[in-house]
Amino acid sequence: MFVPLVISDRLMHDTISTSIPLQSVLNATTKQAEEINSLTNWFFIAAAFIMLVVLTFTVYVIMRFNADKRRNKEKKELSRKWEIPMIGIPSAMIIVFLVYSIITMGHVLPDNDNSPPDLIVIAHQWWWEARYPDYKVVTANEIHLPAQRNLKIQLQSADVIHDWWVPSFGNKMDMIPGRLNYIHINVKKPGVYYGTCSEFCGRQHAQMRLIIVAEKNEDYLQWLSQQQRDVVMESATLPGAALFIREGCGSCHTIKGTPANGDRAPELTHLASRKTLLTGLVPNDSGELAGFIKAPHFIKPGINMPDFRLPDSTVRKLAGYLSCLK
Amino acid sequence: MQNKLMMKLAIGSEAIFFLAFILGYLHFWDQGNFQLQASTQLSASKSALYTGLLILSSVTFIVAEKTFNERKYNRSLWWMLCTILLGVIFLGGQGIEYYELIQHNISLSTGVFGTAFFALTGFHGLHVIIGLIIMIYLCWLIKYDYPGKQNSTIISTAGIYWHFVDIVWICVFTTIYLLPFLI
Amino acid sequence: MYLFTALFFFILGGGAALLMRTQLAVANNRLLSPEVYNQIFTMHGTTMVFFVMMPALLGISVYIIPLMIGANDMAFPRLNAFSLWITLLGGLLLYFSFAAGGAPDAGWFNYAPLNQFYYSFTKGIDYYAMGLLLGGIGSVSTAINLIVTILTMRIKGMHLTQLPLFAWMGLVNSFLIIGAFPALNAALCMLLLDRQLHAHFFNNSGGSALLWQHLFWMFGHPEVYILILPAFGVYSEVFQVFSGKRIYGYGFVAGSTVAIALLSFGVWVHHMFATGLGNTVNTFFAASSMLIGIPTGIKIFNWIGTMYGGSIRFTVPMMFAIAFLIEFTIGGLSGIGFSIVPIDWELTDSYFVVAHLHYVFIGGSLFGLFAALFYWFPRMSGRMLDEKLGKWFFWIFVTGFNMTFFIQHFLGLMGMPRRVYTYPDIPGYTILNFISTAGAFLMAAAVLLLLYNIYISIKKGTPAGTDPWDAFTLEWYPPSTHPGKNFDELPEVHSRQPLLDLKKASVNQ
C-alpha cells in the first residue's frame, strides 16, 4: 500500500535525496593527497607569480605607450637583452618543478611490484564491484576500507573505460578493459568519503558515485565478517527468495546462500547493510527500493536493468525481502 | 614544379597514415602472438615474388617517364602498359593470398591478427588500385595529343605517387612477412 | 565562403553550449535526458573544433596569405574550392546523424570501447567518423595548397625570412596539419572497420582501448596547436600595426613557432597520464610538455615587447589582442599545471580541464578570429565594421567569457567531473554553475550584437579605402580592378614591411 504513495510522492519533488558534503581536491584526506597538495600549492604560487609579471608588464605598457600620450614622440625599442631572463627564468622554474614532480610521482604511485592487492574494484556501467580477495567478500557500491594502513587497490573494468576518483584522496586512475591498474592510498582518518567516476562511460556516467567508508581496523574486520556470511534461509524470507528467482532477478544478481548467482549486476547478499542505493543517489529504505524496482529508469535513466513491469504486490514483497538482507 | 611539391606533401601525409597502421600492427605483436601467426600462416617467399614484381613496375614506370620526356610516345605507352600489368599481377597475388587466408579462417573479423593484417595490406592495395586507375588515365594522356603535352609534368608527378606506393609496400612487407624471422 | 560555413556551425555549436549550460544551471536538473545531453556535448566539441575553428582559420588564411605574399590566387584554386565544399559536406553529414537515429554520443574524443557498436548502437558514431574523414581531407588539401602557394608564389624579393608572420604561421601550421590529420584518419578508418566489419582494433575481444587513445591524441595534441598558430599570426600582425612598430624579435617569434610545431608531436601522452602507463613514460612526456611552454612564453613576451615604446591605438582588434595576452596566460598556466603529473592526476577529467581548454580555445583562438574579423573586414568587404558596436561586443563577450569559465577552475578543485549531464546538490555547486550559465548567455548576447554589426556594416558601413589602419604589409596594397585577380601591379619588396617602406618613400619624395 505504501508503494503507490511513495511513487507519487517522488514524482512531486526532487528525486535525488542523499546529501553529499563538499569534496575538495585541496582537502587532503590521504597521505598521498598531502604530498601532491604541497606540490600543487607551490605550483599555484609560481603560476600566480608569472601571472602577476605578465599582468604588470601588459598594464604598464598599455598605459605608458597609449597613442594619445605619445603623439609626437619617437618610437623606442626594448633592449634585446631582456630575452635572456625571459627564457632563463621559466626554464629554471620548469626544471625545478620537473624534479619535484618526479619525486612526488615515485612516492604516490610507485611502479607495480606484483604484490597482491588489498582490494580489487571492478567498474561496470554504471556501478562498482568490490572484491576483497583475502576474505572472499564480494560487494557493490559501498566500499569499506581500513583507515591508517597502506592499501594497494587493483582497478579493472568489465566493459568500457571508467575512472576511480575520490577528490580528497588525491590522484585518480583509469580502469581500462583488458588492463590492470593500481592505486595506493593511506586514509588518514576514519570517515565517509565521496567520489565519482571520472572517465566518460556512457549514459549514467554522471551519477556513478563512489562511496568509501574508511573505518578503524576493528570495525573494518567486523564489517568483513558480516559480509562473509551467507544468507540464512528462514521460513520468513523463503517466499521472498523464491519470488526473487521466479521473477528472473537471480540471473543477474547474486544473493549468496540462495540459488541467485548472476554476475552482471550488483551483489545483493547484504543489500540492507548499505546506507544508500543506486551508487549513492537515494537513501536505502524499503520505500526507495520499491520505487526503484517499480520504475528502474526513473532515477537512473538508461541503466542496464530492464523494467519488468511488475505488479505492485510483487514489488512490495521483493522490497520487503531485500530489506531483510543485512 | 608546383605539382611535384604538392604530390610530395600529399604522400608525406599518406606516409604518416600508413605509419599509424604499422604502429597499430606492432601494438598487437605480443598480445596477438603475431610472431607465431605471421611465420606460420603467411608465405614470405610467395609474397617476396610479388614484391619483386611491384618493384619491377616502378622500374618500368621510370622507363615510361623517360621515353615520354624524349617524346617517344609509342614506347612510353608500351612501358606504361607493362607497369599496369605488373600492378595487376601484384594485386592478383594479394587476392590469392587473401582467399587462402580466409579459407583458413583468418579474416578481418576473426581476431586481432586478421584485423591488423587485412587492414594494413588492404589499405595498401587500395592505394595500388588508385595508382592503376591513374595510370590508365596516363595511357590516355600519352596516346593523344593536347596543348602543353611536351612540357607536361603529370607523368613525373604520378611517378612520385607510384614509387611511394612501392616504398610503402617494402615497409609493410618487412613488418608483416620478414619481422617474425628477424627478431 | 569558409567564414560563412564556420558561422553557420558556430551558431549550431554555440546553441548546443547554451543547452548544456541551461541543463547544468541547477543540480539534479531533468531538463535534458542523459541520452540527449550526451549527444549535445559530443556535437558541441566536434562542431567547434572541426567545423568552426578549422574552416574559419583556414578560410582567413587562404584569403589573406596570397595577398600578403603578392600572389594572385592560391596555387591550386580548384583544390581550394574542393576543400571548402568537402568540409561543408562533412559537417552536414555529421549533423545528418540527428535525423538518422541519433548523433554521436561518446564525446568528441570518442574513446574505445565505448565507441564500439556493442556499446553505442545508434549510427551516430559512424556519421562522426565519415564526417570527420571528409573534413580532414578538406583540411589536408588546404594545407598542401597553402604550402605550395607560400613556397612558390612569393613576390620577387620576398625571401622566406621576410614573410609576414601571419604567412609564416600559416606555413608552419600547414605542415602540422599534414602530419597530424593522418593519425586521426587512420583511427577513424580502424573504427569504421570495427563497427561495420567487426574488426578487432579497439574492441574487448583482442582489441586495445589504449590504441585509440594513442592515435587520437597523436592527432589531438598537434590539432590544438593547429588551432592556435593562425591566431598567433593574427596577433603578430595586429600588435605591430596598432603599436606602430615592427615586431620585437621576429627571429624568436618565427623560430619559436617551429619549435612548437616540432615539439607538439612529442607530447600527446599528457592526455593519458591517468591511464597507468608507468612513471618512466609519464616523466618523458611531462618533460616534453613542460618544455613546450617555453616557446609560447617567448611569444607572449615578444608581443608585449612590440607594444613597448610604440604608440598604441585601442581599436577593437587591438583590444582583443591585449585581452588575449591575459586570457591565454591563464589558460597556458593551467595547462602547465597539467604537465605536472601529480597535479594532472588530481585534476584531469574535472571542470578544471574544461576551464583550461576554453581559456586557450576562446581566449586564444576565438579572440584571434575576432581580431582577424575586425582587422581584415575592410579588405574583404570594402567597409569598416562599426567600432562602437565592436567595443560593446568586446566588453560584453569578455565579461561573459570570464564569468563562465573562471568559475570552472573552482568547480574542478571542488571535485566536479566533466562530461556529466547533471551533478549532485553539493554545497557551492549550484551557485557556481548558475553563474557560469549566466556568463554563457552574456556571450550569446554579445554574439548577437556581433552578427548585427556584420549585417549593418555590410549594408551601410563606412567605406574603407585601401589602407584604413595604416598597415605594413601587402594585403593593404591597392587591389586589382579585375575580378579573379588580386593585384594589377606590386611594389618591390626589400624588407618585412613592404607597404611601410612604400609609404615612407612616397613621403620622402
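As written, the chains take the letters A, B and C, and residue 1 is the first residue of each chain.
As a working rule, a residue touches a chain if its C-beta (ideal position, glycine included) is under 8 Å from a C-beta of that chain, and two chains touch if they have at least 3 such contacts.
For clarity, every value in this text was computed on a predicted model and none was experimentally measured.
Taking the mean of each chain's C-alpha atoms, the chain whose centre lies closest to the overall C-alpha mean is C. More inter-chain C-beta contacts link the pair A-C than the other of A-C and B-C.
For the pair chain A and chain B, the distance between C-alpha centroids works out to 50 Å.
Chain A and chain C have centres, each the mean of its CA atoms, that are 33 Å apart. In terms of their C-alpha centroids, the spacing between chain B and chain C amounts to 36 Å.
In chain C, the residues touching two or more other chains are 208. In chain A, no residue touches two or more other chains. Against chain C, the residues of chain B that register as touching in their complex are 1-2, 5-6, 9-10, 12-17, 19-21, 24, 27-28, 31-32, 108-109, 111-112, 114-116, 118-119, 123. Chain C contributes residues 75-76, 140, 143-145, 147-148, 151-152, 178-179, 181-183, 185-187, 189-190, 193, 197-201, 206-208, 211, 214-215, 218 to its touches with chain B in the complex. By the touch rule above, chain C contacts chain A in their complex via residues 27-28, 33-35, 38, 106-107, 111-114, 119, 204, 208-210, 243-245, 248-249, 252, 274-276, 278-279, 282-283, 286-287, 290-291, 293-294, 297-298, 300-301, 304-305, 307-314, 322, 325-326, 329-330, 333-334, 336-337, 340-343, 345-350, 412-415, 417-428. Contacts from chain A toward chain C in the complex involve residues 14-16, 18-26, 33, 35-36, 39-40, 43, 47, 50-51, 54-55, 57-58, 61-62, 65-67, 70-71, 73, 75-78, 80, 82-83, 86-87, 90-91, 94, 97-98, 101-102, 104-106, 108-111, 125, 159-161, 163, 165, 167-168, 170-174, 176-179, 181-182, 195-207, 209, 301-302.
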